[in-house]
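Below is one structure, written out as structure tokens; comments come after it.
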Amino acid sequence: MAKLHIVNKSPFERNSLKSCLGKSKEGSTILLIEDAVVGALKGTVVADDLSSAIANKNVCVLGSDLNTRGFTEAEILDGIKIVDYAGFVDLVAEHSNVQSWL
Amino acid sequence: MNFTLLINEGPYQHQASDTAYQFAKAALEKGHEIYRVFFYNDGVNNATRLAIPPQDDRNITENWAALAKEHELDMVVCIAAAQRRGMLDADEAGRQGKDADNIHPAFRISGLGQLVEGGIQADRLLTFGD
Amino acid sequence: MSEGIKKFMFMNTKAPYGTVYALESLEVVLISAAFDQDVSLAFCDDGVFQITDNQKTDGSGMKNFSAAYKALGDYDINKIYVEKESLEERGLTMDNLMKLTYEDEDDDWAEKTSMYLVTRAELADLIDEQDVTISS
Amino acid sequence: MNFTLLINEGPYQHQASDTAYQFAKAALEKGHEIYRVFFYNDGVNNATRLAIPPQDDRNITENWAALAKEHELDMVVCIAAAQRRGMLDADEAGRQGKDADNIHPAFRISGLGQLVEGGIQADRLLTFGD
Amino acid sequence: MSEGIKKFMFMNTKAPYGTVYALESLEVVLISAAFDQDVSLAFCDDGVFQITDNQKTDGSGMKNFSAAYKALGDYDINKIYVEKESLEERGLTMDNLMKLTYEDEDDDWAEKTSMYLVTRAELADLIDEQDVTISS
Amino acid sequence: MAKLHIVNKSPFERNSLKSCLGKSKEGSTILLIEDAVVGALKGTVVADDLSSAIANKNVCVLGSDLNTRGFTEAEILDGIKIVDYAGFVDLVAEHSNVQSWL
């Protein structure tokens, strides 16, 4: 059963998204929350890394944290799914373990 | 399904406790159970009953306390981490010869074994930190 | 520097909401206005996210403090530097940011921008001129 | 020469307060003066008098208190940051209707203006944070 | 998984001393030994600095807790994975690290290494097998 | 009068050293303390950045923080100077302002 990986720090400031991408398997899910949501934006220096991840992993972003920082669905990369807290709970229930990359 | 939540950062300084609270609320609304909320590292600072946040801001400790009351949550503060940071309940303060205590009655103090047991007993353990 | 006046720069390098530094730094900035110093703000690295437009915190339950940046002009704090390279790395332009302005009392209270887009090299020069740099 | 030190992180969780303490000690030994030590953000948590660190570890608050006593340091805790985080002195607790207080007598509570004034009056202002 | 036994992995990704996470995580690891679970530790990213040899804290006044890692073998915690790429990026080899060992009761108490050098891909496989992952 | 820049986070985890290198002037001094001291090690992925910095800036590292993490002078890049807390105080006094890159 696939795993859920959670990243909460901006990829422009920390290495935790990079570390997560390098140590998560194909078919797993990556959820961006808190300051990590800006990693989902179009046209950034990490957009290529995210696009590669989208090719073989499920990448999600917590919508309320995106809105909190002034962004909406229109501004994020195609292929990244927006979830609310209820969707966050579903992701945790649907995967067999959760790893937070702190 | 039931969840154990581990919170490693104090209130306000980091979003960790806010996120965990929103997650817990959503999980309970969907009919899941929270087996335990364990406060570790600076997370123990969430348990203070002395905080007076600005009136236009959230009161993180009272939010947790209200949720715990409504759903009978088991909210555990790690004793070793709490002692290091000056978080005491009345029993501890008495035992240690301290003249005051500051832990909100919605929380209880216990050992790290409660975290490991939470990981064993719950279907999922989630960490919220920095 | 002028007699008794120091150049204070507040360096904002961190994203808002994930940590409290942006909010509590802004509180220092507002207080500093009472001391008649030469105050400026720099937004670089993830600090540029502090002044994005349209922040909506209903869903997260965080306190929305973004409106307070718009009050800076009323406190005569009108030198706000935004690093160009930091915007570019994050896929942003000045259009993503709030419009921070002040009313110029020497020009019939005309509304003018407080925001200056500067290159990394220009920001390095500005940092080098400061007497006090408070970063978070 | 005199220095104002700004400490933005709590004890133990980050090295910031330790580094600031070692710096202050070295500066005083060299004959410099500390104009003020200002505790902001989670730094206010350094002022608790309730901490009980393990016996084989340093006691950060008591280290600061001893240095302050020896050199008459002005150690100021930001009132707004302290209220948010449940750090109160007896006066504040009384005013706010809280049943306990936890600030060590070596520290005093005051406003953010004390930080800006510290930046103006001292020859150098240094920030210790995360 | 075996009946009632879960696979616990403690992910150590942060440098020691600058923050408390390494020290307080180790306290959880030691407690976990009492619960008869399948416990392992991973050291990757800056976590590899937690187990460098010759840590000397006299000058900084920090509490030196590095000796406690050497006690892990006595607690029957003897699966310690170190990520090869993390060492290389930091100019380190296994020679920079403490030698963590245990005594094998099934082999006349012979002293054996607890440390396994694994590639990033191998560590990803190990992470994927866990029931509980506690990270800091 | 030249400025002192202080970095306290590992360059393998955070972007603060990079940010400091990009916004500090020639002739200024960069002091690595706390978790940043590992940036001074030989043979790392940031060694080239440090070597470039050494060419036109003064780079120092706090010795006690280096020892705390298990390293000594032998393991750091040539051209980086080790200071103790007294030396840290001198650096602050000798420069006209101090910026901490948090």
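For reference, chains read A, B, C, D, E and F in written order, and residue numbers begin at 1 within each chain.
Heads up, the rule we're going with is that a residue touches a chain if its C-beta (ideal position, glycine included) is under 8 Å from a C-beta of that chain, and two chains touch if they have at least 3 such contacts.
Quantities reported herein were computed from a predicted structural model and do not represent experimental measurements.
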Leftover connectivity once chain F is excluded is one piece
Between A-C and C-F, more C-beta pairs in contact link A-C
Expressed in whole Å, how far the mean CA point of chain B lies from that of chain F is 38
Whole-Å distance, C-alpha centre of chain A to that of chain E, is 27
So, in whole Å, the Cα centroid of chain D is separated from that of chain E by 35
Cα centroid separation, chain A vs chain B, in Å, comes to 26
Where chain D touches two or more other chains simultaneously, the residues are 8, 12-13, 15, 22, 41, 54, 57, 80, 125, 127, 129-130
Residues of chain C that touch two or more other chains sit at 14, 17-21, 45, 60, 62, 132, 135-136
Multi-chain contacts in chain F, i.e. residues touching at least two other chains, fall at 8-9, 12-13, 15, 34-35, 64, 84-85, 97-98, 100, 102
Touching pairs of chains in this structure are A-B, A-C, A-E, A-F, B-C, B-D, B-E, C-D, C-F, D-E, D-F, E-F
The residues of chain F that touch chain A in their complex are 12-15
In the complex, chain C touches chain A at residues 14-19, 45-46, 49, 52-60, 62, 64, 66, 89-92, 96
Listed in rising order, the residues of chain C that touch chain D in the complex are 6, 8, 20-21, 24, 27-28, 31-32, 34-35, 37, 132, 134-136
Contacts from chain A onto chain E in the complex sit at residues 3, 15-16, 19, 22-25, 28, 96-102
Listed in rising order, the residues of chain A that touch chain C in the complex are 8-10, 12-13, 34-35, 38, 41-45, 47, 63-65, 67-72, 84-85
